[in-house]
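Each in structure tokens, the structures are laid out below.
Here chain A shows up in two complexes: once beside chain B, once beside chain C.
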Partner chain A sequence: MTDTSATQTIPRPARLLVGLLTLLLAAALGWALWHLPGTAVGLAPEVSARLADSGVRNPVTAVLLNFRGYDTWLELAVLLLAVLGSWTLAHTTDVGPVEPVPGLLLSALLRLLLPLMVLVAGYLLWIGATAPGGAFQAGSVLAAAGVLILLAWPAAAERLPDSLLRGGLSLGLAGFFAVALGSLARTGYLLQYPTGWAGRLILLIEAAATLSIGLTLTALFVGGRPRRTERESSP
Partner chain B sequence: MTLLLWGFDLTLILSLAWLGWRLLASADLFKAIVLFIVFGLLIALTWVRLGAPDVALAEAAIGAGLTGALLLTALRRMRHDDQPRAPMQRSSNNKERPS
Partner chain C sequence: MNVVFLYSALGIALFAMGLYALIVYAHLLRKILALNVMSSGVFLILIATAFRAPGRPDPVPHAMVLTGIVVAVSATALALALAARLRAATGNPHLSDADTAQRE
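Moving on to the complex of A and B:
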């Protein structure tokens, strides 16, 4: 099935006009970029100055999970809303891969790949404190593993118990919530980590967020709430 | 910046522009999705060149990998919807992998 019918109904002058406007926009953006200062100062000096207090050594993780932790908390809420949105929009009976990918290659490859992917995800989560990595990167590797599982075994979406699915999807948000309440009780300020605990709490939040992000992205790939057959009662 | 890096950046930019045009102008949707995945990988390289390796990791996994898989699934469902209505064989009971 090709899409040529759609492109042929747009008249040529309109396409030329849109192309010209796009070129003008690109030229304006290029001109604006050319006149930016050569070395952007930004907030990097402030971050480096307080990096020792943040509990991690990677400035990106420090900003994401400590200085702007509230924003990351809201990002996890947005991910949960995305899954809920896809569940409300999609039919439950015709979601995701219907038949497994034929052939032996995928299942044989998965036996090698899946443990490695879990290991890589764990490594990315751990190394996020000192090097590029972190919860989102590790979670996306887990999501890729989840997608591969679904391609080889589409029934996995329905086999996962409902409570585990919902618990896992909200685990990141709940973990953040727990840490926020705990730090509120301990220090009187929301998300003000107690002294000396920042590194451990960041790892805890990131671990919960990794599982949650992996499950969320896999659920978005499935596309809808997994169908439960009548005879299977969810625990 | 050395000449090699200049050449690399220039090749990257030109490839991005050319890929963008090719995937938008492609008549075959499957080809467009494959080009989109390649585009995502080149964007991940661009993030590395801009000094943002964290974003590059996320872009490679989510933008190239997961979005590509999502688009391919959507394409398959579009094609199923366009074909004449046949009862969908949703026999998940006997399609399980014994594993």
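Moving on to the complex of A and C:
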């Protein structure tokens, strides 16, 4: 291997030029932000006005899952695309963790931590309707639990049944699809929740998305597709 | 100097430093980390300017940042997978200008 040092850079004159240009850019951005008005109403009044109809009491959740639900739907698709991309590039055994973390501490800690993390994830999912929380926060906690499991037991990446893995990865997007099509059939508009159903549908979407996000982020940590799911040459 | 401008200026500083590192360094992992720093700067600016609303802060930029964090995580994961594959295929963790040219 040649000069693969982490400090390899472009030549010095180019570095100076880039430094100067980024300083100029920062100065221009700073000047622009300095001249922003001190108070700006933004979209807060619109959100507050319709918050009672949105089905939840937390304005950020209302924006994420109701007013801008389409963006969240596409975000779940982006997560799935990232997993598909990493799956096309490598197998689990090529890039994922191979040896479990040595020592007793991690296993002992996991016996205490994992149930607690599942509980915290469930709480975050539930409280998202009224306080900061929701699907992504809960899914991140589940993903952290998944990462810890993989550190202690790397073989878990290959042991999860294929149907569970693929079903879980697509559950969030599929759930959103189901709700969207159902509401389209019911009200004639895409993602227009039927009256009175918004709160329940939001919780349904978020529950499916939590499981999906946790599994997706863990799969992204593994970084490759399970070798076990490949078929041999066709019989 | 009010608080909003302080946090926005910090966000701009993060963005500028990340941009510098993205262009200057050759190692792919440093570039990926630089992109993450840039995105942190952008999120900081979004959140800081959302606090200019009287009363409760504007929730729409908060939702945008939540979406942005998730997209940034996905993009970072895919970029890391690509960088790992590139290193496995070519043996060096940075992009080279020509496939066959020798480095001086």
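Keep in mind that, in the parts below, the second predicted complex is superposed on the first by the 215 of 235 C-alpha atoms of A that agree within 3 Å, B and C clash if a C-alpha of one lies under 4 Å from a C-alpha of the other, contacts with A are read in each partner's own complex, and residues count from 1 in each chain.
Quick note on the criterion: a contact is a pair of C-beta atoms (placed from the backbone, for glycine too) under 8 Å apart; a residue touches a chain by one contact, two chains touch by 3 or more.
Everything numeric here is computed off the predicted structure, so don't read it as measured data.
Touch criterion not met for A:Gly196: it reaches neither chain B nor chain C. Shared-chain residue A:Gly223: touches chain B and chain C both. Contact with neither chain B nor chain C is seen for A:Gly188 once the two complexes are overlaid on the shared chain.
Note on chain A: of its two partners chain C and chain B, the one contacting more of its residues is C. In the superposition on chain A, contact of A:Leu89 is made with chain C only, not with chain B.
Contacts of A:Pro102 after superposition: neither chain B nor chain C is touched. By the touch criterion defined above, A:Pro11 reaches neither chain B nor chain C. In the superposition on chain A, contact of A:Gly133 is made with chain B only, not with chain C.
When both complexes are overlaid on chain A, the residue A:Trp153 reaches chain B alone and has no touch with chain C.
Applying the stated contact rule after C-alpha superposition, one finds that A:Gly38 touches chain C and leaves chain B untouched. Residue overlap on chain A between its contacts with chain B in one complex and with chain C in the other: 1-4, 7, 60, 94, 136, 217, 220-221, 223.
For chain B in complex with chain A, the residues that touch the partner chain are 27-29, 53-54, 56-58, 61-62, 65-66, 69-70, 73, 77-79, 82, 88-90, 92-93, 95-97, 99.
Chain A meets chain C in the complex at residues 1-10, 14-15, 18-19, 22-23, 25-26, 29-30, 33-34, 36-44, 47-48, 59-60, 62-64, 68, 71-72, 75, 78-79, 81-82, 85-86, 89-90, 94-95, 136, 213, 217, 220-221, 223-224.
The part of chain C that touches chain A in the complex is made up of residues 2, 4-5, 8-9, 12-13, 15-17, 19-20, 23-27, 29-30, 45, 49-50, 52-63, 66-67, 69-71, 73-75, 77-78, 80-82, 84-85, 88, 91-94, 103.
Of all residues in chain A, those touching chain B in their complex are 1-4, 7, 60, 93-94, 96-100, 107, 124, 132-134, 136-137, 140-141, 143-144, 147, 152-155, 158, 217, 220-221, 223, 229.
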